[in-house]
């Protein structure tokens, strides 16, 4: 007993590093990612966000305490009232119109990760759902850290993906990430080894599906 | 085909009238309801609200369009960010502390209606869920109209329940009620008679469970 | 840690005894229950069974291991392939036709307990669902024991409810009950006190809703 | 109005043909598929079956009529009581032990299709769930027909995949397929064009995820 979130990443270290340090992420850090790959990713990330809103809604439905309900609602509200709008604006900067977004076919990698998260939430409890979401919320925060710690990273106007990096290193995003880690730490400390093994499998699966999501961008896969 | 919301109330007119014109509602209108009954209702209505937040969260999860997701989120946000706070304040005015609310055992009538709504949503589709919610959202709007149309109604300082009536006759609440009716009308117009029969059963069951909720107040039942 | 199923009954002893020793149950034991009350109960119990089949189906959906999936399927199969047929036959013996059963309106107490179980399962995990089911499966087994241990109990042809008692004291039913207790014991031994408190609330609520189900029979309530 | 199942395949004809006539299927028909690819497919198909059992369980949970509940239960029972055992035996013939199956990591393509089906069922209604399942149940039946109608197909001892083909052309499987098509036809005849468009998207997505499942076999992808 006495697990923490960092035990999950330690338990599937290879997959976790493959997510954080994916070639797509390196391309973002160095400003060398092909723009077509980024556009493909951006479009799918819009659909991804909508299903993540559904995941926070599911978390609100499953909540047993008012605190958990409020926290889940904050996640949903952030997406619906803020992030979807920012994403639409950001897509516009990259030449993707709102009409393009509305008619977008959903890529397999988008379906795979989002539906895995949602089924995991319905099958298990609120902790399963949070663990399935963690490679995204906590992972993107760690990716921003990793990008900033790398010698090869290019920041500022020289990097076309500067705004993307800035978003995930922002204090607002990092605060949400820390809150999520704290929530997970508080619950993981009481789980049994058998339960931790179940959660590790969820976390590993979700991390592998995040890796596929980056790869889909590189491959412009549909 | 070509059904509307009003066909649902027409299809179970006796139960609908028993809900709208319940003795508890008459007591509110005339200011004659026993205060203990009102306090009992107010406390359970707090738990009811929390499960209604879960129902709107479920509606957000089940949404297939961004419009439906946003609408469900507005319902959830209204409860979490506004109504729960108003309710806590209103309870305080009636001598019920937030600590009382936090430790409240849930009455059977509260469990019955709220869980019926939630299971109906999980079992069926978004329309089933909305129909199960309608006796509350649309019903309370119609109750405000009915109270105001009655000769025996007492308004103003002479009625200890003035604030309650005022809330449900407010333009804000009535706009939400009209929006819900419009949403239901738009979907009911395309359903088959067999589907309308299913929805009528949901609506009748939910209406009967609303009647029980009023009765629980009168009986101070736990 | 180290909880067992018997800790759940101990934690809400008053409610548990009120369920096991309900006047309806006493009437069954002594053969003095009014037949109209029994018929009312039998009819609602048919609808109850259908929703319990849905609960076992939900348990199958939520299962994480093949063993849990198989066990949930056995519960579902027992109801669909066996118990519903037995129930229809038993109802016929009491003058209730299959056509009566098909058109039966669902009583509030039936909706309340069944939907509480189903929502508890969707909201939480497989253990929550089993705990919500336990007052029925384990409770009926304990009721058979209690009936047989009472001096006032009448058995055989002198008791019109002999077949009902015989079913729940049968080795087949008692084996299912013991298996359920063993399943619960195996999982409860690892839960934290906070988790046990959550499960106690589920168990107490479900027990209270079982009490209401008996009372509905006595009251012939709809 | 007046849609049928064949309108779904017609609406996404290219994807449907890509599923039915996939190179993996051609390799099965001609007996030329590499055995390693078949083994990879067989192993993942075992995990697939478990999640399909969960999908039938979800269909049972969502059923509104006893007929639908019984039908869903038959699907679940066929998998749990029969097909899983046959699959384990068949895997053994191909050198895959039950221990191998128990420790199998789940491939992305398996997660993608199965979780898409399950979330579609939770998000929508019973018809959504059936439409998401159709590319498997109905598709495999049509694949058996297509294999048998091709000149290049090899049957009997000369084809190492003879038993696989025989299973899906069997009267038992084809009867289940016809029953599913009849169920879908009966429901599709009443849907509006807007609803048919939604269902077409579900059917197309599910078909694309079936294509990926074949491709995973060819690629021995994890």
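Odds and ends about this structure:
For reference, chains read A, B, C and D in written order, and residue numbers begin at 1 within each chain.
Operating definition for what follows: contacts are C-beta pairs under 8 Å (C-beta built on N, C-alpha and C of every residue); 3 or more make two chains touch, one makes a residue touch a chain.
Keep in mind that what you see is a predicted model, and the values were worked out from it rather than measured.
Common neighbours of chain B and chain C (chains touching each): A, D. When the contact pairs of A-B are matched by residue number against B-C, B-D or C-D, more than half turn up again in C-D.
For the pairs A-C and A-D, the count of C-beta pairs in contact is higher at A-D. Of all chains, the one whose CA centroid is most distant from that of chain C is A. One finds 37 Å separating the Cα centroids of chain C and chain D. Taking the mean of the C-alpha atoms as each chain's centre, chain A and chain C sit 43 Å apart. With centres taken as mean Cα positions, chain D sits 31 Å from chain A. The residues of chain D that reach two or more other chains are 54, 61, 118, 122-123, listed in rising order.
Chain contacts here are complete: no pair of chains fails to touch. Within the complex formed with chain B, the residues of chain D that make contact are 61-62, 64, 122-125, 128, 190, 192, 194-195, 198. Listed in rising order, the residues of chain C touching chain D in the complex are 50, 53-54, 57-61, 63, 66, 69-70, 72-73, 76-77, 80-81, 84, 118. Within the complex formed with chain C, the chain B residues making contact are 54, 106, 108, 111-112, 114-116, 118-119, 122-123, 205, 208-209, 212.
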